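Notes follow the structure.
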Amino acid sequence: MYMESVIECKNLTHYYGKRLIYENLSFSVPQGRILGLLGKNGTGKTTTINILSGYLRPRSGECLVFGENVQTMNPARRRDIGLLIEGHVQYTFMNISQIEKFYSQFYPKWNKDAYYELMEKLKVAPGQRISRMSCGQRSQVALGLILAQNPELLVLDDFSLGLDPGYRRLFIEYLHEYAKAENKTVFLTSHIIQDMERLIDDCIILDYGKILIQQPVSTLLDNLRRFTFTVPEGYSWQIADDKFYHPSLIRNHIETYAFLKQEDVEQELREMQVPYTELKCENVNLEDAFIGLTGKY
Amino acid sequence: MLKPILYKEWIKTRWYFLLAILVSIGFTGYSLLRVNRVIGLKGMEHLWQVMLERDVIFIDLQMYIPLIIGILLAIVQFVPEIQQSRLKLTLHLPYPHYRIIAVMLLYGILVLLVCFVFNFIFMSVYFIGILAGELVKHILMTALTWYIAGFTGYLLTAWICLEPTWKRRILNIVIAVCVLRVFFLSAVPEAYNSFLPVLIGYTSLTVLLSMLSVYRFKTGQQD
Amino acid sequence: MIRYSRLLLYFTIVVLLLWILPWMYNFLTARANKTPFTLYSSVIDDYAVLQPSDKGVVRKDLGGNVYSESEFDSILPMFYYRQLIADGRLPERMKGVELNPKVIQTENFIFRHSPDESNRPVIGLYPLLESSSGRVDLVMPEDVFHIDNDCIEFIDIKSNCVDEKKSQLFTKALQKKGFIFPARIIAGNPTTRKDYDEGYLLTDKENNLFHMKQVVGRSFVRKIDIPEGIVINHIFLTEFKNRKILAFLTDKQNRLYVLLTKSYRLISLPVTQFDPTRQSISVIGNLFDWTINISDDNGDEYYAIDARDYGLLKRMERPNNTVSLSEKIGGYIFPVRLTFTSLKDKWVKARFASGGFN
C-alpha cells in the first residue's frame, strides 16, 4: 500500500518570528506503532503536531503522511487520519447523537457501535449538549468519535490535559487495545509521562532545537540507568564526558543517567579519577528517563 | 458533503435564526404600526403628503437592524469555530478547505436571505395595500441598501472572526467599519440607487476575504 | 484564489485610504469661505456689498464708498423697507412709483435653487391642488397624479386606486391640446404654503411646453408657444406674490428664461449661462430690479436686471481665487481622491477627483 512509514517528516525547520524552534528535524513513524512525542514546554511539541496535522507551514522541510505532503494533501485522504486536538475540543454546541450524525456522513467506514459502546458508559442523556459535560466525559466523546471514524493514523495532541486519573486510565486502555487490535498507527503527545509508559511503543524526546533520542521505549528503559554515588565534601565534578546526562550534585551526592552498565560506569569513573563511593545503579521508568535525559531545569 | 456541513451550521445557529426572524419582524412590525398610527391620527392623506413633501419613509427605525443581524449571525456562527482552535476540526473534515468555508458562508447568506426576504415581503404586502407603487418602491429601494449592508456586515465579520491573529483582526475591524460606513453616508431615501450594483458586486467579492483568513490559519499565523 | 483574496484586500485598503485621508486632511485644514452679501441698488445704480471683516461688517459699494448701517438701509430701500418704515424714513416715491408697504411686500421675492435640489431621487407622484377653490387657503388634494407612457393617472389616496374618471378627463384634455405622452418635465410646487396655485408646467415627449392646473374641479391645459429651437431643460414654477411671472426656465444650452404669467411670453434673461445641475442661483427681486447671483466652484456672477423690461443693468463677477495654501498642498499630497457624497447632489456613488481641493 503506502510506504512503510506512515509519517515522514524531513528536515523541518521552524521559527516563530526570529525565535528558532528547531532546525532540520527529521523523524518517521512506521506503520502500526504508537509513538509518543516527549519534550519540555517550548521544545516544539505543539509546533510538530500542528505541522503534522497541516495547520502550520514550516519555514522549511516537509511532512509526509501516507506519502503525501500534508499541506497539499488530497482532502479525502484525511478520512484516514483521526485528529484529537488539545483539550479534547469538539463541537460542544451539539449533543452526542447530533455529533455522531454529523461525523458519520463524512466517513464511509464509520463504526457507529464503537462510538455508542463508549457513550453508554458515560451515563449522559442523548440530548445533553457536550458543553454541559465534564472534561472527562468530553474526552470520551472525542475518543469515541475517533474510534468510530476508524482511521489508519491517530494524531492526539496532549490527550491527558484536564483529565482525572480514572478517565486518563480509561482513555489509555481503550486507545491501546484499539490500536493494537486494529494495527493502527498513533502519534501522540502528553505532558503526563507516566501515562505514556502504558501506551507507547516508541518515543521521541525533544530537546531545545533538536531530537534527543528516538527509540522504542523498551530499549530506552533497558539501557538507560540512574547512577548515584557519594563524593567527598567540597568535591566539584566537571562534566568532561558526554556519556553522562545531567549530573547533579546535591551536598555530596551525585545523580546522573547513562546508557551504561554498572561496570562500565565504574570504569569510566576510575578513568576520570573520580573519588566515588557507594555507587548505586537503578533501572528507571519513563518519567525518570525523560527527566534524566532532559534535565530538571 | 453539503448536507452535514449545513446540518452543523443549523444546529449552531437555529436559535439565533429564530431570534433574528422574531426581532427583525418585530422591528418591521413596529415601524408598520407607527405608520398605522399616523394614518389613524392624521389620515392617509397626511401620510402620503409627508412622504412626498418631506421625504419621510417611516421605516428609518430599521436602518441598522439588518446590519446588526448580519454581524451577530457571523459571530454566532464563527466564534465557536475559532474558540479553542475548533476550526482545526472543521478543516480536518475530508472535504476541500475553502469549499467547507464557502458552504458555511453560503449557509449564512441563505439564513440572512430568508430573514430579510421575510421582512421585505411583510413590508411590501402592507405598503402595496395603502401606497402607490412609486412610494412602495421608494421605501423598499431605500431599505435595500440597509439589507445589503446586512450581508456585507455578515461577510466582513466572518472574515474578522476567522482571522487567527489579534493584530490583524483589529486591522480587519477598522477596514470593516470603514467599508460599512459607506452604506450609511446619506439619509436621503433612494440616494444609493445607482450605487447599489457596485455595493452588491463588492459584497459578493468579500466572500474571498474569509478565504484569506483561513489560509492564514492553515499556514499557522498566530499572535 | 488566495491571490484574488489578497488583491481584494489591497484594493479595499487603497480605496478606503483614497477616501478617508483626503477627508481627514480637509476636515483639519478647511476654513469656511463665505461670499459677501451682494445686492444691486437702484438708488446708487451700483452693487452694495456687506463684507464681514475682522473689524466687523463693512458696508460699501463697488465704487469704494463706505456706508453706515442706516445709509446702507436707505440705498437698499426695498430690501430694508421695514427698517425704513420703523425709522420713518421710507420715501414716498421712488423713480416715479408711489411706495407703500403693501406694494413693496407684494413685489419683493426671493428665489433660490441649488444643484442638489435638481440632482436627487424623484418619486414621480404629484399632488394637483385646486387653483380656484373659492377659499383663501389652499388645501392638499385627496389624490396624486403620475404621468405614464400614454396617460396621466390620478390615484385616490384613501382607496389607493386610480380615479378613472378624473384620469380620463385630464388625459383627454392634455391630448386635445396636443400633448404627446410621456412627460419629460413635471414642475410644480405641491405645497399649501404659498399664496396661490398655478398647477404644473409640463414638457411632453416632443419638448412642447404646457401649463396644466385644476380649476374648480376641471382641467385647465394650455400649450405655451416657445420660439423654435429652444429645448426646455429645467423649469422652476415661481408662484410669487405679484403673479407677474410664472416660472424660471433653462434650455439645453443653459440659457435662462422667464415665463410671464398672463401673456405666456418667454423672455430670455441677459445671463451668460445657468446650469441648474451644477450651479446655484438666487434671485432677489423687487419693484425696480432683480439681483441674480449664479455661483459655482469658479466663483460668483451677479446680474442686475431691470424688473420692468428684464434688461441688464449691471453685471459683476467675483471669481473664486481664494484657493488656500492648504488646498493647494492637499492637491499635491492626494493627487487622486475619492468621495461618495457631494454638495451638488443627493446621490451616494463613487466619485474620483484629482488636482487641487475645492
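Of note:
Just so it is clear, A, B and C label the chains in written order, and each chain counts residues from 1 on its own.
Keep this in mind: a contact is a pair of C-beta atoms (placed from the backbone, for glycine too) under 8 Å apart; a residue touches a chain by one contact, two chains touch by 3 or more.
The model shown is predicted, which means the values in this text are computed figures rather than measured ones.
Each chain's centre was taken as the mean of its CA atoms, and the one lying most distant from chain B is A.
Comparing chain C-alpha centroids with the centroid of the full set of protein C-alpha atoms picks out B as the closest. The distance from the centre of chain B to the centre of chain C, each centre being the mean of the chain's C-alpha atoms, comes to 40 Å.
Averaged C-alpha coordinates put the centre of chain A at 82 Å from the centre of chain C.
Centroids built from CA atoms put chain B at 46 Å from chain A.
Those residues of chain B that touch chain A in the shared complex are 1, 3-4, 7-8, 11-12, 80, 84-86, 88-89, 91-97, 217-220.
For chain B in complex with chain C, the residues that touch the partner chain are 44-45, 48-49, 51-53, 98, 129-132, 134-135, 138, 175, 178-179, 182, 185-186, 188-195, 198, 205-206, 208-209, 211-212, 215. Interface residues of chain C, counted against chain B in their complex, comprise 1-2, 4-6, 8-9, 12-13, 16, 19-20, 120-121, 123-127, 140, 142, 144, 146, 155, 157-158, 160, 190-191, 340-341, 346-350. Interface residues of chain A, counted against chain B in their complex, comprise 50-51, 53-57, 71, 75-79, 81, 83, 85-87, 89-94, 98, 101-103, 105-107.
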